[in-house]
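A, B, C and D are the chain letters, set down in written order, and residue numbers restart from 1 in every chain.
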Amino acid sequence: MLLYLKSKDLLCEARERLTELGLEHTFLPQTQVFELKADASIYAPRVIKERLEEFGRIEGGRERTPLLDLLPARHEVVVKGRTFAPISFRNQAKPVWIAGPCSLDEENDIRENAKRLSGLGVQVLRGGAVKPRTSPHEFQGLGNKGFQILAEAAHEFGLAAVSEALSEADVEEAVRHLDIIQVGARNMQNFPLLKKLGRAGKPILLKRAPGSTLREWALAAEYLLSEGNRDVILCERGVRGLERELRYTLDLAGAAFMQERYSLPLVIDPSHATGLKQILAACTAGILAMGFAGIMLETHPHPVNALSDSLQALAPADFAAIADRFLRPAAVNAIDKH
Amino acid sequence: MLLYLKSKDLLCEARERLTELGLEHTFLPQTQVFELKADASIYAPRVIKERLEEFGRIEGGRERTPLLDLLPARHEVVVKGRTFAPISFRNQAKPVWIAGPCSLDEENDIRENAKRLSGLGVQVLRGGAVKPRTSPHEFQGLGNKGFQILAEAAHEFGLAAVSEALSEADVEEAVRHLDIIQVGARNMQNFPLLKKLGRAGKPILLKRAPGSTLREWALAAEYLLSEGNRDVILCERGVRGLERELRYTLDLAGAAFMQERYSLPLVIDPSHATGLKQILAACTAGILAMGFAGIMLETHPHPVNALSDSLQALAPADFAAIADRFLRPAAVNAIDKH
Amino acid sequence: MLLYLKSKDLLCEARERLTELGLEHTFLPQTQVFELKADASIYAPRVIKERLEEFGRIEGGRERTPLLDLLPARHEVVVKGRTFAPISFRNQAKPVWIAGPCSLDEENDIRENAKRLSGLGVQVLRGGAVKPRTSPHEFQGLGNKGFQILAEAAHEFGLAAVSEALSEADVEEAVRHLDIIQVGARNMQNFPLLKKLGRAGKPILLKRAPGSTLREWALAAEYLLSEGNRDVILCERGVRGLERELRYTLDLAGAAFMQERYSLPLVIDPSHATGLKQILAACTAGILAMGFAGIMLETHPHPVNALSDSLQALAPADFAAIADRFLRPAAVNAIDKH
Amino acid sequence: MLLYLKSKDLLCEARERLTELGLEHTFLPQTQVFELKADASIYAPRVIKERLEEFGRIEGGRERTPLLDLLPARHEVVVKGRTFAPISFRNQAKPVWIAGPCSLDEENDIRENAKRLSGLGVQVLRGGAVKPRTSPHEFQGLGNKGFQILAEAAHEFGLAAVSEALSEADVEEAVRHLDIIQVGARNMQNFPLLKKLGRAGKPILLKRAPGSTLREWALAAEYLLSEGNRDVILCERGVRGLERELRYTLDLAGAAFMQERYSLPLVIDPSHATGLKQILAACTAGILAMGFAGIMLETHPHPVNALSDSLQALAPADFAAIADRFLRPAAVNAIDKH
């Protein structure tokens, strides 16, 4: 993006504004032009233009996410259902708690889970039905008939239900039963699936792929918007970095960038990101303080029996301790802020 | 994995063997047990057991890829068709050259391309029909009708055709026309697609996801094998690292590990990995010398008009220069080796 | 590490305990042995042994950081000086605020800065004197005479002073003037410097190298302890990952792991980690909530004139806004917690 | 960098040239300006300007490495000594072989080593004297008195000697005895050490830090040049990425970029990069074929007794096998090329 400075007298002031905006810039004195690195900015091209127009004409600045850039600041996604009150996902507002097991195994467990979580103030029940497993020799889940099992348990106790649609073939069943459809990290750039979900008429929880940049994540959301679905919730679950003791590197600052730059509500999943339940209370405290729209935690009635991720799942007592410490006060704080 | 040393006298010799095998180990003197880090070894658990059995009983050592571990060393994948001679993909043998444009645009171009590439010694024609594009606002390809266009051009000039099936919905059309079906980097862990392709009866070219570990890549191949398809060719195309000037980090040593550990033939794609045509000749020299089963290069008749990846595509003259330098001598060398 | 189960009857209970501890384990039924991946655990080997001893004899488990492992939980580092009240760095206690410019340029600025920051509740003044600059053609700092300038400004207003010693040659001058000596990210594994600082008798702020693992960071601290210095404060300032819009990836979960595993107080520097002042308020909220011992922010009286990092430095008004929102309430909260 | 197109008629031709150069560009039609992303280009700013000047005036394009940019293509570094023939390090010429143990332990070993390696055609003997060890509890080397031991062994058998100076305090002794002074990966950005070595009057082998970008590496070399030392050899030894089975990710394509962009001779160290001797023959083949100026391999007379890196060191027979296969033919090939 180029800013053709309209008068030499504005040079100092323009420099100050650019510094204030945090925009990398180079001034070319012969032609009185500022070259701007607008591409990586926290502001949409349109915003940059507005903030600089007093200094001269501006040209260039590719709009990569025109649909996202039309969203209002702190865009709200409301999840509705007949059996629960509308749930609002919105950054800097009251955070939504999503909890449940990594994968569904038996029907009874999930009912008990739902009842318990509902009593603690959780609003959304998660549970994997069709499981994307790294190895073909691991438990592959109940299949998409699990959507109904999950949803019935959730709805009986006033919760919304979220689960992953692993393939285009799962979408119809997912739409029938689920309140939010999850796109898993491995499917973030499964574009045919994104296109189909963009037309599905349900809120989507779009997880970040562990090897993806922030822009690739935003562009995956843009796919959903390009098919008409603006009910998109982003979910950070860790990226690949230098981690040896943790499962992934939880990119909270990157999520804070996304919140500002792209307006979509963000949910953070520290369970998968870290794989380590001993630091989940600290992570929860940080996530809630940073103003994200929600948090997703993995909990299982008997972690030792879980068919996947048994080491990272919170046992009921551990989850209750976290909920007691953060879930009710968070609600109170959020009300204060309004 | 534990090695219960059967006699103190074998301690020194066991240590030497473990060092020779490059196996991380800790000796527990009280119980005369070696703890082995077999999980990251270049040898399959079975091989380690064979190489150590003279020192005592061995227990543990999870077999994560039992089907891959049954393949013979230097497993060969042969691609057959009515219009071309069988093409053998095998590490440490004569390398197969795959070339063509990133995406198909017009039919004439691809015929011309095919003719030219065939004349230079290329055996497989590549060309994207259904394109996975990071942004919904970029050219999305011709769709899977492009498979037929590609295949007709390839077959007319004695080449095999490879293209990406982006979704389960593309598989039928891909099976009808293509000789090798590519799984793209973004789909490496699209497990429903892998399962369907495992039953498709065609050789599969499985690209590595840029954020995946070597084991995740091997397990994606294991999915294909678990459905009965042993005709799997791996393709390294760069991982995410510290690159700023290049597109990805080309992991040639990782590919060398895969060659040894999992026996599948490997093809290397330096065009996508680096995004920089000025270093492709050097990379080609290295790839061929390392004994991989094949190389895949991007070439376009008029790079400036390419609808994707125009900067990295080799112009005809540049590709011809590389082929002249490496394709014929490589053929000669390979024959010498036999 | 191996656990030799002393009775079959304890198998289920042992499994539950291992799951509870989050310890990866494999049970070898023939010999009734659990292989444990203790190396990456959040517990020191000694702790694991204590928590498992009721199930049988335990062997192995290398102690990599024996000196760190002797520290009490929530080890406290107290910084003392004649002109300011003792400053306590301790995780889960009242957090210390460190602020100031990236590099010192003129004496007057730093006095003004010190006065203003002191008035807002900041306790430690930072400012680079000998600057490690990526390029030899960039401003290299005032040299170690700057330590005195910084310290005088700090001490006049009741603040402690921290600055980086870039080389062994800086240590003497640093010891004379500074209250805390910083080891920069690029010097984290400069072992001769660490050894000298381990004998310097001053608290050390040890920044994490952007390419280092958590264990390498801990081992760098172990170097300081091995020379007798237990007054070590760790500082997370971002690692290399997938960031394009931000400068580094801020690894808050990794820092939470360090807090638990190694007991040393942690300070977080979101300014260098993100390079983006627009998300510093959100990051500050998260950092304080997570219970770290301190936060370090970059502020400059006139960012546009800063000789380094001008885009990321907070202007006085921006810093004051953050301090107003978080510094006083944090003090209050911390008191509540005691 | 901006190109002010001097005539509309040149638009197509300019686009073709930019594509040919692989330069990312955006055309701004109103002002007939091309914005160029010259910063990440494989060409120095001066070269880009020369290649584009026919299309119009060019402004901008920061010269970050002005001294490196003055070097001729394929800059040669010649290492001289009284007891060996001059050794030329130059990309695309006859590669230099550097070999020896990770760390020196006993004098006799290194003499035997030197004799054996000399007989195989190796030209430079390596061996660590002052060892940078991740843990303070590991063997720290003989200290800088080891420089003399190494050099005497090398010189007796007509080899040059290379070893790491860990600190400014080692430089004097290093200059006295060594023929090439190594800057270790952890010290790549130890700027005081670089400055001192820039004035030391000896060739420097500058290893890449595992978390550094290519530009940071080039700028570290620029420090050496800025003090007057143009005898700089770069050494790639692996970066941090997704590796689990290997020690680091060997960035051969990044090294190929460096060769083209910055002209300095490159040596590749696959031993440290991979930590896996079973793939060293394949890596050696690739490295030699890519035209790098040299290769560095770790070899030890009795790997099981090595005090560091015992698993990755090649035993004498393994090293001899690699030398037999690659060292003599490489010499022959290189002569052919001239």
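Things to note:
Heads up, the rule we're going with is that a contact is a pair of C-beta atoms (placed from the backbone, for glycine too) under 8 Å apart; a residue touches a chain by one contact, two chains touch by 3 or more.
The structure displayed is predicted, hence computed values, not measured ones.
The interface holding more C-beta pairs in contact, when B-C is weighed against A-B, is A-B. The pair from A-C, B-D or A-B that reproduces the interface of C-D, where over half of the contact pairs by residue number are the same, turns out to be A-B. Chain centres here are Cα means. That of chain B falls 28 Å from that of chain D.
Chain B and chain C have CA centres that are 42 Å apart. With centres taken as mean Cα positions, chain B sits 33 Å from chain A. The multi-chain contact residues of chain C, meaning those touching 2 or more other chains, are 211-212, 239-240, 242.
Across the interface of their complex, chain C is touched by residues 1-2, 4, 26, 28, 30-31, 33, 35, 59-60, 62, 240, 242 of chain B. Note for the complex: chain B touches chain A at residues 64-66, 132-137, 166-169, 186-187, 189-193, 209-212, 215-216, 219, 222-223, 226, 239-240. Across the complex, chain A meets chain C through its residues 15-16, 19-20, 22-24, 40-42, 211-215, 239-246, 249-254, 256-257, 259-261, 270, 273-274, 276-279, 282-283, 285-291, 303-304, 310-312, 315.
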